[in-house]
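The data blocks that follow each hold one structure.
Common to both upcoming complexes is chain A, partnered first by chain B, then by chain C.
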Partner chain A sequence: MKPAKFDYLRPRDLAEAVRALAAGGEDARLLAGGQSLGPMLNLRVVAPSLLVDLSRLAELGEISERGDSAVLGAGVTHAQIEDGALSNATVGLAQRVASGIAYRPVRNRGTVGGSLAHADPCGDWAPVMMALGAELDIRGAHGTRRLAASQLIAAPLMTTLARDEAIVSIQVPMLGGKARWGHVKFCRKPGDFAESLAVVVIDAARDAARVVLASRTGVPAHLFATEQCLRSRGKAGGDAWSAIAAAIEQDVEEHALRGHWSGYDRSLHRATLTRAVKEALI
Partner chain B sequence: MGIGASLPRLEDERYLRGRSQFVGDIAFPGMLHAAFLRSPHAHARVISIKKPEGAENRVFVAEDLSGVARIRSVAKLPGFRGSDWPTLAKGKARHVGEAVAMALAASPAEAEDLTAATVVEYEPLAPVVTMAQALAPDAPLVHEQWPDNVLLDSKLESGDFEAAKRAAKHVVTREFRMNRQTPFTLEGRGCLAHYDGRLDELVFYCSHQLPVPLQIGLSQTLGISQRRLRVIAPDVGGSFGLKSYLEGEAVCVAWASLKLGRPVRWIRDRHEALICDASCRDYRCKVTAYADAEGKVLALDCEVIVDAGAYSPWPWPAGLEGMMALGNMQGPYDIRAFRGRGINVVTNKPAGQPFRGVARPISCVGHEMVMDALAWELGKDPAEVRRLNLVKPEQMPYTSVTRKQLDSGDYPRALRRALELIDSDGVLARQRRGEPDGRLIGVGIACFYEQTAYGTGPYGYSSWGIELVPGLEPAVARLTGDGELVLEVGSHSHGQGHETVYAQIANEVLGIDPHRVAVRHGDTYTSPVGTGTYSSRSMVTVGGAVDQACRLLKRPIAQIGAHLLQCRIEDVAIKGGAVVGPAGSVSFAEIGRAWYHHPENLPDGVDAAGLTAIAGHKPHDPGVFGYSTHAAVVAVDRDTGKVEILDYAIVTDCGRRVNPLLVEGQIVGGFANGIGNALYEESSYDENGQPLATTLADYTAPSAPCIPDVKLDFFEIPTPFAPYGIKGVGESGAIGPPSAIISAVNDALRPLGAAIYETPVTPRRVYAAIEAARAR
Partner chain C sequence: MTTIAITVNGETMRAEVEPRLSLADFLREQCRLTGTHLGCEHGVCGACTVLVNDRTVRSCITLAVAVDGAAVRTVEGYDGDPLMALIRRCFNECHALQCGYCTPGMLAVAYDVVRRLPQADRARIKAELGGNLCRCTGYLGAVNAIARAAEIWSAGSERVGAFLAARDRR
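On to the complex of A and B.
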């Protein structure tokens, strides 16, 4: 299928982009890599009146390290990360994540900011940025603000961003050299959106343990019991797997109720979580 | 470079350098683009259609298609009901995606805008979605003029079934569901029609595997003579059976071009493909094996139900699938009593269409699942039970209980070799040890034959009473004035590599370098009237015709050569693209020059037909029978339900391999289709008949990382019934995987008391099977 008619703007800078977005009203949309929006346009499930194309804005392509954070422009592609852009800051986690997103041609164009803003419940970056404790720099027609990655997704395919706001960059706290992580993505075939995605980041230097699960039945969520258990384990230095398993079970039970999980969902998410935790610990 | 050489494909030069030409690459000035408005309902009366204001002459509905006949599939099988397939829905729509109107515009997007602005009023009717609904006594009727939803109910009984049943000591029954999928091709369907006023003919480009039948079908539905229709199937990006039917869209596009006198193109997209392309592999089967105390099967009883969708295609009618499923259900086994019933039902889903392997994947699952069941009941090794039942080499030629004429081969040896390749003893030891990650290991086997290149009748197509019965397959061989060779054939090559293998046959006969041979196909201007590419026939039938045509050329070449060498024809030989005599040689170039430009140098009495030879090959009516054993090793993850293929081996006998490299390509490509069938692909529908897999996000087609390496081995036991002992090989790779993988998964699940009899074997189905066993 081919898209319905729309107007197209290639702004000179971000300021013009957010102005156009504000002026474009309800039906204006940002276009980044176009790897999700493109097919949606073709299928005519979206029919915006105006597309504001961010893909040529150099200011969104920044990759740098400032103090204890890495700054990643929203327009950085999955392929750049696969090739090592955020490898140092995340001790290899980001590289693993990027290499499992769709296929290389998609990764060549798809962007981190676009993926976050698309807010697919099983998108690859949101749970990872949440587990890394990342923050997003947001710019709108009326100024800028900073938002925790955990606060971005309101519901499947819906963010907390205002209509005239764009993600500019992502601040990723640098992991300590001894930080450990686990990342398990389950899908029917390589390159698909995940049916279950579990990310675990344990950074003893920062006294941090974050565990995030993404599924198709809700938005990516922190699993507090497991996080708590891993943090206290870090302090005690113990290796009581039974306590961790119990915490995972507690989290699974809670989310199963909330997300109306089937028996299969429960088994699948328990498996990805368990394996991600084990990957981080062993 | 002749038969047996792994010559890289000559056509790859253009494919790899982007010089190939698909329908989507072809455009004409002033060309219009077509888009189709499709029914959103599975079953609905079309009450009214309101064209967009101002665009009445660019949107067309059924009533506008003056002079266009309906597409009617014909078969003389007893009880067969042919369905009329309207080019655009007339009166009612019978599946989601059925074309209701066609819009033409300067771009595809604008044509879609027109379809979006066309308003259709429907009266939804109760849909028939499942086979059970189709067969229910009070079912709504898909075709109201029929008494029920049965397209064909056929029975086949052979041998003394009752006596064999009474003698049996063991009886096992298994039921299986193979879910509908789509014949997934990289390039979609598409066509371009353009009226040539000078020649008063319609030139019709189409992504198709049967250009000549398409010419006949278009001629019949459009009511114009065949000489006024030139059909060109240019480069075609995969077909697998999909592009072998006469599509309503093609008829509409051809009609529009004739009506408007302008070129019209339609390129189907993936979303449309998943909604309305003919589908395949929608079967249920129930098989009972009656065996003696040792596990020798005495009789087989089976029932197959095929969901044929709403319409029967042309030229291959629906209903053949059920017949073929029954006719091959005994497989490569020596079973002497048989009873079977094949029911083909219509439902409110897209038409069914033969797909690589045509019904044989379900036959293979049928005979293999009862072999496994018998082995488990008897406490025997599944391979042992198969060995006991396989037709032995000393029984060849062997006529099966379903009258298949298995001609040659060593089935038990193929089984033995496949088990060696996966190191089945080592795997069994590993299975007993258990995996460190807790996964369950299983071994599966599928033994089967592949009937290929079958002929006219009585065992072939004529017995079905269809309209286009294939038989004699022609080829033209022409030596050019500069001593090169042009071969014109009626088959179509869309990935198989015909342009290479036919040139290898020419090399075998004439010694000419294959790089100096052009193979022309897919254009009714230049192709002789062959019937196209299907049923693993081309290498045997068209290859046979090419062989004959090249042989015919030898006489005038030798005659002219001997004359130029001033010796007797008995003293010359044709070698390496030259005529060699006792005192020297002349090249084909000199022979060509003599014939075309210097008739003064020709011998007296030379045949005026000259350096063009037309020959044909009549295939052996029962076909020639290749065979394979597939062996699979899988690991099943109990928590996620995921199945991983750890090892896979395929042993095949396709007789003499003309080009081993391309044979390997056929097997591995078919294997990829089979993996999709076994583990990934499913066209599912909700209770209203709405398709649930309408984009590639929902339709899980396997991609390269899903296809594991496969170990291959070949036997080359020639068939006595084809030139050079060649047996067809196009489908066997696709037939075995569902069966071998189900067998392996069930072997893995045995310790849990679980089993799964449905494809694709999705993680959810595996988990459900484990849960069901746990609950028992």
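On to the complex of A and C.
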């Protein structure tokens, strides 16, 4: 038995969960699959006073398509997505992402909502949901709200969620049939956290091009110059690679200054970005 | 303390446990099933992998209270299971273990791979085994054993029966 002592509640529904979270004070935490929290508990990096276990709540298990959005419950596991849960809506992107997260035994318990709320700078889902233009349905003790995935992570391991809030579901805009994506995750060992992760989604039908980079420093960020370049390229129908390469370079320079990147970081992120853009274009 | 009931290898185990007790410690200390091994205790090495409701799970980072009511299968729970008999025989013949510490987790993953991905090629088997650390074998034996078990299992129950019977006669 390695974690410090904590109280444990398995709520009947989400309403009880957020009430308990609000009443539990500063050190109360939500537990989903526990695949990040579990190690942190065992290493005593965290010592919550109360764990509110969401893993049995049927309300968080939804997988459906409504109009032009897919709805993914926060409690859906990586393994369910690996087995195809969001494959249609994302033209295979979600399946690729899920199958690269840790290992099957971890994917069998780890959840997409838990991964987002944990806000690891190299977590797999935040950059992907940002690139998909997803929105999160959030429920707190005092009501519900909707939040763009790009507005979730404030700092490494820190979200913009209030203490009494939980992610209920993720609304993922369905990609058009002609949408293209690229996803390049660099790590030295299968299943490891990314050292660099670049995601590109180009959906001409929605006039959307999103490019997101995650690294071990800072938080996942949109790369605006590259996004702009890919969007205007879509309209003009040209395919001058030199303009795209220049936009990537501009983004890399900007983030290198902001994130104090080393020369190695620069070439690593440039490489993952370039490969992801090429995967989306070719 | 919380009262839980977990079906372990077909038998319901009831216990009063602290919420911070891991499933691995529940199995080893309350159920006295010490076949489940603990290596790193933070979800990296895979030695503690068991089946929970038929899916592989890291028992060291899963709380016992969180799987209250579930059915757990440990390495002790495969008596009379033809697939595990086949996998064990293949592990034996391919020298897929030396000290045996990682083996309970390897067997659980092998069991899952053969059932879920019977057509897996060697690259896929290696990727699936990526979450199980072994300090002795260099992994080659384990990959060979799973590839062999998958091939024989895919060929049908007659082939499995013939394979096991031939080995038993030796």
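Just so it is clear, the second predicted complex is superposed on the first by the 281 of 282 C-alpha atoms of A that agree within 3 Å, B and C clash if a C-alpha of one lies under 4 Å from a C-alpha of the other, contacts with A are read in each partner's own complex, and residues count from 1 in each chain.
Basically, a residue touches a chain if its C-beta (ideal position, glycine included) is under 8 Å from a C-beta of that chain, and two chains touch if they have at least 3 such contacts.
Fair warning: this is a prediction, and the values are worked out from it, not measured in the lab.
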{"item": "Fit or clash - chain C, chain B, common chain A", "value": "clash"}
{"item": "Chain B versus chain C as contact partner of A:39, first or second or both or neither", "value": "both"}
{"item": "Partner chain in contact with A:105 - chain B first, chain C second, else both or neither", "value": "second"}
{"item": "Which superposed partner A:186 touches (first chain B, second chain C, both, neither)", "value": "first"}
{"item": "Superposition-derived comparison: chain B or chain C, residues of chain A touched", "value": "C"}
{"item": "Touching partner for A:25 - first (chain B), second (chain C), both, neither", "value": "neither"}
{"item": "Which of chain B and chain C A:267 touches, first, second, both or neither", "value": "first"}
{"item": "Which of chain B and chain C A:6 touches, first, second, both or neither", "value": "second"}
{"item": "Common interface positions of chain A, toward chain B and toward chain C", "value": "1-5, 39, 42-43, 103, 189-191"}
{"item": "Complex contact set, residues of chain B against chain A", "value": "107-109, 112-113, 116, 269, 271-272, 637, 639-642, 680, 695, 697, 700, 702-703, 705-706, 762-764, 767-768, 771"}
{"item": "Interface residues, chain A side, partner chain B - complex", "value": "1-5, 39, 42-44, 103, 186, 188-193, 263-264, 267-268, 270-272"}
{"item": "Residue ranges of chain A in contact with chain C within the complex", "value": "1-8, 10, 31, 34-35, 38-39, 41-43, 51, 53, 55, 79, 102-106, 108-109, 189-191"}
{"item": "Residues of chain C touching chain A in the complex", "value": "2, 18-22, 25, 41-44, 46, 49, 52, 55-58, 60-63, 65-66, 68, 108-109, 112, 126-128, 130-132"}
